[in-house]
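The chains carry the letters A, B, C and D, assigned in the order they are written, with residues numbered from 1 in each.
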Amino acid sequence: MLLIQVTILVFVAVTGTGVVLTRAPSNQVVAVSFYGLLLALMFFIFQAPDVALSQIVIGAVALPLMILLALARIRRDHDQAEQKKNRQEKKAA
Amino acid sequence: MNGYYLVPLPVVVPLSAAAILAALNKFVGRRLADIFAIAATLTAGAVSLELASISRVQPLVYWFGGWTPRAGVSLGISFAIDPISACFAALVSLMVLAALIFSLRYFESIGTLYHVLMLVFLGAMCGFCLTGDLFNMFVFFEMMSASAFSLCGYKIEEPESLQGSLNFAITNTIGAFLVLSGIALLYGRTGALNMAQIGRALGQHADGLVVTAFVFIMAGFFIKAAVFPFHFWLADAHAVAPTPVCVLFSGVMVELGLYAVVRVYWVVMDGAFAPYRSELRAMLLVVGTITALLGGIICFGQRHIKRLLAFSTVSHMGLMVIGFALLKPEALAGLALYVIGHGLIKGALFILAGILLHRLGTVDEIELHGHATDMPISTTIFLIAGLGLAGLPPFGTFLGESQIEHSAEALGLGWISIVFYLAAILTAGAVFRVWAHVYRGWGKVGAAEKKGAKKIHDLRETRRGHPRPFEMHFAAAVLVALAIAVGMIPGLEHEADTAALLMQDRAGYQARVLDHAWLPVIEAKETPRSEVASLARSTVVTVLAFAFGMFAISRYWPKKGFFSRPFVLVVATLRKAHSGHVGDYVAFLTFGVAAFGIVLAILIR
Amino acid sequence: MKRSGRIAFFLLSVTGFFAVYLWGLLGLSPFGHYPGPYGDVINKVAVYERHATDVVSAVNFDYRAFDTLGEEFILFISVVGATLLLRRQKGETEDGGAEDETPERNAPSPSDAARAFTLALIGPLVLFGLYIVSHGQLTPGGGFQGGVILATAPLLIYLAGDFETFKKVTSHTLMEVAEALGAGGFLLIGFLGLILGGHYLQNVLPLGKTGEVNSSGVILAISLATGLEVAAGFVLLLYGFLEQTLEIRLKGGGR
Amino acid sequence: MMHFLSFFPYAVAAWLFVMGLYGVVTSRNFVHLIMCLAVLQSSTYVLLLSIGYRWGAVAPVFAGPPVVGTPAVDPVVQALMLTDIVVEATVVALLLALAVQLHKNTRTLNPDELEALEG
């Protein structure tokens, strides 16, 4: 039991650091969702099943989903701007 | 018990009204929503006033769900009503009322969502004032924040508005986590969340945990209170938020951050910190003085009127921190009066800035030069509000300021008066300058200046038309009138003294909350004060502030040359520090927490 | 500040911050030695007093129900705020994606088998969500967790590619009303306690038999109200973000 | 081992807070920054959870009236954490909404490239 607890804490610390250091949001969202799952696992191990259930539905599902949707919109705006720029450049040429 | 049933109402009535309006969002018209929201706000305010008058005689302790404590262990959540908390709830309701009246023509595109946000904001602030449970305080803090972020970012077409809201939201969210970490530390030590119980369990011992918990909670709430070095978000948020929201931010929300620190200190921490009061006082006085002077200097250097007013709020927050830092009942009484007086005046000033924006489409002082000379009502109210900001008797600000100064002199800290005067000259001077420039057209503005270093553009918040909006002027006039009235109520100072004594009575608070004790309120001693001296000094300071404002627009103001160099340099450096970059803000924030912690650690060891 | 300066300043500050934090943490009792008394008292009395076997739910929905009321209103107001912030900007139109020419983001049309499978999942998911909402007093879970599970059910319809049904099921007005009803229901339960019991949020319902679904008095009622609010709230939140990307699907899928 | 473990979980909490701050300060993208805030918040989960934990204790979910002698972990911190999780979800939602709109207007999410609010 002791070993599992230490292991999960180490994993949480390392993954948390990894989430911060993953600079590209599209990769980071995967890391965040994994991190959410790890936290949920930790809550289970530390005898908090209620919180673990919450964490699974929020941290591992709802949050990453919201972030993904926001990123999709942001990427779309970005692509549109690029296209506009390209078209203008073509016109200019 | 008298009035016991009323206690939850200032929170649940606005929340209920918000839920009803949200459910009927698509089905009710704008006017109906206005009336409904105003009625709910009036109810909350009236109940808060009633609670204040009841708790004058007997402070109320209310247990949600009927979970009274057992053997000194609290199981549920309590509201602890004393005159100061109830009065602040009433002030909150009044400011929300003013904002709602002002915004009768605002936000036409979003239907009742605006009212829902304002009502939840109101309920959250009332709950924040009244609660006696530390975690519950955090919950209301977050509720306040969530509605404030949304209101602040209302103008989604403006990049500045979104960036300002993001800065505001990020810094304040970190503040909330600091507070929560502090609460967790205290819980780990005492196994309690009720403030009275924590205070009792902590006892007389200040070790690393207590210091860190206090520093975290204080820093978290100081972020909300915009105290140096946590104040950066405030100007951004105020510059971009819609005017009625600014009225609430500057008028009450920021002050509530300080209120929370005061409450937590006197109920929870004072036992542990009692031997170190003078060290704590020294640290807080430094923080307050820096905030007051820094805010004042930058305030004077602004031409964007809303930003100018925002930095004036920073400066006045510094003065309020000084009021708290003295850690004396008399100063606390002065602080309470000052908060009320300042909130009313600042609210009125923001409303007047909103009227300018409504009519003329900008709040740039230079661009507006001489453009508002045909607005006699605004002109008058703006001038009176400026006088109030300077602390002229009989405004509430004067009353509070003179009490704080008295208390400082009694402690042998007479230099604090000078900080008050400097802050008043800088902030009120800036307001008088704006008044002379905008409403009177005095002074000359060069064409080069008019262009400005940077284009300040503001989206109009309202539709055009209604050149003389009656209800907007009405809201401002009522606030200013009340600010004067506060200073004229006979015996108010004595009431405030008694209330402050009650707020600082830790043992009494614990006994009332945890042991169902039925203790009478101890009246403060009537202290004869030399009013004449402070009257004279405040008048002189007001005159000086006015003169300074006029000097700034006169042709004698050194725009270039030897004398103005240092000042220009200082202002430029300070303004550069307010970069709008959230990374800077969070770096300063981290620095602030670390500095508080290390300084307290050194002072206490 | 320049970037390098900012980072240097921050690293210096954060070292102090870390030290202060660790100094504070050293004052805690060693890990695994919870000092009490709050949790111990609750653990001792909750089952007897509330007839709830999940003590966390008893704390959440009864002893500290007022916190949960606040929490629900944080969610409530954030949904309102997000709706406000995500409203269409001037000049943004329904076919904002008209200029979008990237073909790869046209929605892939799911195969019939995948659609059938996804839609078949909805029933069990809804049941599971309802179970979690209604058994909060007995087993881990409650209104919040169940509510979020319920909120994901309409998303499955969307994933199955049935956008019209999705729009019908998640009618904005309906969800707004449901959310407000959930939040209002919570408040109403509080008022009932005030009127019948004398304290806001006081339990006025029969406690029932420990271990049965219909037990624990007000806990179940609050859990249900919370479930409604959270489900509707999260649908609105997710829908708000979904709407930001929807035009692409609308156009690309031809639906 | 025991001695090490009696402090380790708390240190993890402090570490996550510091890492979250580091991410926020150095972030070049507001969406990245928002996820760093989530890490910062997870520090409070770890802290609360470790404070309420008790060696060998069971979860505060009983089959019936609790038998004397079987200690359970603290249910109160778990209730607080539930609130904390809701706060996280709502804060992230609001910040993301702001970020999406900011990107529509400015075509950037990098705080270094925004200069609108200087001074």
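Keep this in mind: a contact is a pair of C-beta atoms (placed from the backbone, for glycine too) under 8 Å apart; a residue touches a chain by one contact, two chains touch by 3 or more.
As the structure is a prediction and not an experimental result, all values here were calculated from the model.
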{"item": "Contact-richer chain pair [A-C vs C-D]", "value": "C-D"}
{"item": "Cα-centroid distance, chain A relative to chain C, in whole angstrom", "value": "18"}
{"item": "Averaged-CA centre spacing for the pair chain D and chain C, given as whole angstrom", "value": "16"}
{"item": "Chain centre separation in whole Å, for chain C relative to chain B (CA means)", "value": "32"}
{"item": "Between chain B and chain D, centroid-to-centroid distance (C-alpha), Å", "value": "28"}
{"item": "Set of chain B residues in contact with two or more other chains", "value": "135, 139, 142, 146, 149-150, 153, 156-157, 181, 185, 187-188, 193, 579, 581, 583, 586-587, 590"}
{"item": "Where chain A touches two or more other chains at once, by residue number", "value": "48-51, 54, 58, 62, 66, 70, 73"}
{"item": "Per-residue multi-chain contacts in chain C, two or more chains", "value": "6, 10, 14, 17, 21, 25-26, 28, 34, 36, 38-40, 42, 54, 56, 64, 67, 70-71, 74, 78, 81-82, 85, 89, 140, 144, 237, 241, 244"}
{"item": "Inter-chain touch pairs (all)", "value": "A-C, A-D, B-C, B-D, C-D"}
{"item": "Residues of chain A touching chain C in the complex", "value": "48-54, 57-58, 61-62, 65-66, 69-70, 72-73, 76, 79-80, 83-84"}
{"item": "Residues of chain B touching chain C in the complex", "value": "5, 8, 12, 15-16, 18-20, 22-23, 25-26, 62-67, 70, 73-77, 110, 113, 116-117, 120, 123-124, 127, 135-136, 139-140, 142-143, 146-147, 149-151, 153-154, 156-157, 181, 185, 187-193, 207-213, 215-216, 577, 579, 581, 583-584, 586-587, 590-591, 593-595, 597-598, 601"}
{"item": "Interface residues, chain C side, partner chain D - complex", "value": "3, 6-7, 10, 14, 17-18, 21-22, 25-26, 28, 30-34, 36, 38-40, 42-44, 46-48, 53-56, 58-60, 64, 67-68, 70-71, 74-75, 78-79, 81-82, 85-86, 89, 92, 139-140, 144, 210-211, 237, 240-241, 244"}
{"item": "Residue ranges of chain C touching chain B (in the complex, touch as defined)", "value": "1, 6, 9-10, 12-17, 19-21, 23-29, 34-42, 45, 62-67, 69-71, 73-74, 76-78, 80-85, 87, 89-90, 173, 176-177, 179-181, 183-184, 187, 190-191, 193-194, 197-203"}
{"item": "Chain A contact footprint on chain D (complex, rising order)", "value": "1, 5, 8-9, 12, 15-16, 19-20, 22-23, 28-29, 31-32, 34-36, 38-39, 42, 45-46, 49-50, 53, 57-61, 72-73, 78, 81-82, 85-86, 88-89, 92-93, 96-97, 99-100, 103-104, 107, 109"}
